[in-house]
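Two complexes are shown next, each including chain A; its partner changes from chain B in the first to chain C in the second.
And now, the complex of A and B:
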């Protein structure tokens, strides 16, 4: 039985914007689910409806077997980490973390113990008597995290908590959030537009676009078997290469070149051929010929951008082999890495 | 060369203000201190040093003690009511998102009128016989106090007019303070399961406090100088409404005792500065906690 059950959830704002257009999602207890998508895809609205900060126009939300669709946030037993921290500026770090306990009527001594324990766990002890405005963004977000977790809520919700931090802090905080979540096994729903962050944290990624779920699956599945073109492009950096061509006589033809056998599921006609940069290799001979545009060295590997007659292709190659811009090169595609998409619907073909 | 020109250039900017400040603030202040040690009078120009005798008279004058207590009571009641009603109105207005702009404009009108004119209007409104207040009370068969002539009611009436005039100011500042509280904090408090009362006591109040403090400070220093309403409704020499400012006016310009009046002025000045300093310090500590 699922711990969180979302059924037909919709949100239309006054003014007509349809932010969420019918979402069904089940979340297991202890699961870390990341809602991923570009801005305006409805992920934050979905999260806020889970919290009760926004009321759905249609649909239901069940939490731990209880219908909570129209309940106030206070009655849902949730923790929420806001993008811009949402710390009480007139309270010290310790007072901020203690506030949920104070509201719950936890006796002073127990309150102090639990706050101290929480601060210790997040390395915030030296900051206990400081005011939020004197802290760095990363430290403020850690305080917000401590405040959201101190009451041990049934469901922990996070709205782009790392959005305002610099790269180094992001990685550090992501690790901390994951470690805390694994230890406490608190069911967590986390919103982000950063696909790498989503991959790193999630048990399951829910990719959203246009107010709808595009795919809900493990990070590996989302990456390897994207449900459609949108997911294929949104997840992975650089994005998946895509070639438009025709299937004729069981072969995939693109710009006059024969790129090999097409899948049995593809009927004769237009299809899209998708392949990630790591499944493209460069050499003297191959399926397609082109000219090197840019050779991007990123330390562990290189991304080589090649212009071909049918479009630009990115290849991920070994760091040791530099490619001179302007050089003629042949591209080879690893058949195992190729994914096929319906040209009309964008859906992946089996 | 460069330096002296810089100095001259700077003086060109600051100079005029400096000259005006010295001519119209510093000189009169010092001259007032000098006069307070003389027996100068409004009529005639002969005066001589009489040492601290004016100050002796100030502190032994029963009118002075009474005026201090009355002014303190006036400030306490007027500013207290203005704060309470103004803040409550601002809170209530939060509920009216649509018509708020219209309501606020209407509520701000009293604040924009001249106090002297207000005093005269209220003279008519509160007039014991043909004022609209008592006519209304009469129609409702309720007792009709002599608002402006009964010793028991006079000061209350002046407080009432001041409250009517200045409550909108407190309301305005309260609204600014309330608007400055980020919405996220209310959402956070809701998630943290704070009751409405807890939200008010632990989030709203501490975060508006610096704004309220500033508004009260401004009203406080202003109310200490209460002059126009009393003058317009009662005149300077009414024993049950005389404030420090009207007493000062009475002594200096009606009685013509400039020397004694100057001594009063000096004492009042020291008093006001002392109170304002204490208050400002307090305000700074609140602001340091939240800003």
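And now, the complex of A and C:
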């Protein structure tokens, strides 16, 4: 039995915007689930409905075997980390962290102990008597995290908690969040639009778009076997290469070139051929010929953008050898890395 | 340009402060010097022989005289100050709290016709309050409210409510909803969140609103005079009531009393001066 069960969840705002269009999702106890998608995909609305800050127009939410769909947030036993810190400016760091415990009626002494313990764990003790506005963004978000976790809630919800931090702080905080979550085994739902962050943190990624779930699977599965074109493009940077072509006689033909055997599931007609940059290699001979546009060195490897007659292809190749822009080059695709999509529906073909 | 600006400000300040200066001078005169047809403006140590001299001997008798009951009044100045304090501060507290609660509703809930309601609330200010003094008097007589503290408290609270709702709405609108939402998920009810988050967060706004309400209640004269002429008389009505009594107006005491009476409001206004015009930005949220 799942710890969180979302059934047919919908949200239509009074203005008529359909933010969430029927979501079904099960979350296991202790799982770290990341809702990933572009802005306006309904991920934050879904999170806020889980928290009880928005009420769904249809559908139900069960939390720990209890229906909470219309229950007010206070009664749900959740912790919430807001995108914009949401710390109380008129309280010190320690008071902020103690606030949820105070409400829960935790006795004074235990409250102080738990606050101190939490502040210590997150390296915040020197800041205990400071006011939030005097802290850096990273420290503020640490305090928010401490406040959300101090009560050991049944469910921890995070709405782009790293969104306002700089790159260095982001990585550090992401690590901290993951370490805390693993240690406390608190079921966590985390919202982000950053696919790298999602990959790094999640047990399971739920990719959303247009108020619907596109795919809910482990980071590896989402990356290797995207359920559709949207997921293929949204996850992975640079995005998956895509070529439009035809299947004829069991072969995939694209712009006059024969790129190899088509999958058995592809009927004769138009299909899309997808391949991630790491499954493209450059050489003197290959499936397609083109001209190097840009050679992007990123340290551990390089991304080479090649213009071919059928479109632009990105290849991820070894860092050692530079590629001169303008040079003629041939592209080879690794058959194991190729994914096929239905040209009309965008769904991946098995 | 800077000099010109400065000169204009100084000139205006002199012009505006002149009545206060005159109050100050009068409060340290004796009655003869205060009502002399020859203006006495320079404090001197020994009494001048020439009655047309501008000099007078300063003294503090008028301030001591504030505890006397003058002809034409039933009580001393201090008792009237007590009435003013009770009526002014209670009505101000009521206006600000009711205004804040009402503004919170308008700020946080979707209310059908909210704009019309807010306009209606503001519209109660369009009419000069004194236009309804007779109906109010008749109504109050039925309820036996004239001559009570409660009567004026209710009246001032209601008159100031429109201002309070509008000002407080501005202040509460600026408090990000995330603060309350954080409190909700932390386990607090909306009522708790209002008291523990909104009230402390809008404290500056409440102080500003309170000063505005207090000034209006403190200085109100028309209703105070009409409704409370015999008991629970506020200071403005008390001073006016001294007119035409058999001993004549005790001007130095009136001046001394007026100075004392202005002081608390002046101090409070000074304390919130920075926030009177500027919208206050609270907290740490980047909008």
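Basically, the second predicted complex is superposed on the first by the 350 of 350 C-alpha atoms of A that agree within 3 Å, B and C clash if a C-alpha of one lies under 4 Å from a C-alpha of the other, contacts with A are read in each partner's own complex, and residues count from 1 in each chain.
FYI, contacts are C-beta pairs under 8 Å (C-beta built on N, C-alpha and C of every residue); 3 or more make two chains touch, one makes a residue touch a chain.
Since we're looking at a predicted model, the values are computed, not measured.
Colleague: Given the alignment on chain A, is it a clash or a fit between chain B and chain C?
Modeller: When both complexes are placed onto chain A, chain B and chain C end up clashing with one another.
Colleague: Who does A:14 touch here: chain B (first), chain C (second), both, or neither?
Modeller: second
Colleague: If we overlay the two complexes on their shared chain A, which of chain B and chain C does A:132 touch? Say first, second, both or neither.
Modeller: Only chain C is touched by A:132; chain B is not.
Colleague: Under the stated touch criterion, which partner chain does A:90 make contact with: chain B (first), chain C (second), both, or neither?
Modeller: So A:90 meets both chain B and chain C here.
Colleague: Which holds for A:326: it touches chain B only (first), chain C only (second), both, or neither?
Modeller: It touches nothing on chain B or chain C.
Colleague: For A:164, is the partner it touches chain B (first), chain C (second), both, or none of the two (neither)?
Modeller: Only chain C; A:164 stays clear of chain B.
Colleague: Quick check for you: in the superposed arrangement, does A:249 touch first (chain B), second (chain C), both or neither?
Modeller: Neither: A:249 stays clear of chain B and chain C.
Colleague: Once the two structures are fitted together, what part of chain A is touched by chain B and by chain C alike?
Modeller: Residues common to the chain A contacts of chain C and of chain B are 51-53, 72-74, 78-80, 82, 84, 86-90, 99-100, 103-104, 147, 151, listed in rising order.
Colleague: Where on chain A is chain C touching in the complex?
Modeller: Residues 14, 51-53, 72-74, 76, 78-80, 82, 84-90, 99-100, 103-104, 132-133, 140, 147, 151, 157, 164 of chain A touch chain C in their complex.
Colleague: For a test of understanding, state which residues of chain A touch chain B in their complex under the given definition.
Modeller: 51-53, 72-74, 78-80, 82, 84, 86-90, 99-100, 102-104, 131, 147-148, 151
Colleague: Could you pull out which chain C residues touch chain A in their complex?
Modeller: Against chain A, chain C makes touches at 110, 176, 178-179, 181-189, 192, 197, 200-201, 203, 282-286.
Colleague: Looking at the complex, which residues from chain B come into contact with chain A?
Modeller: Touch residues, chain B against chain A: 182, 184-185, 187-195, 198, 202-203, 206-207, 289-290.
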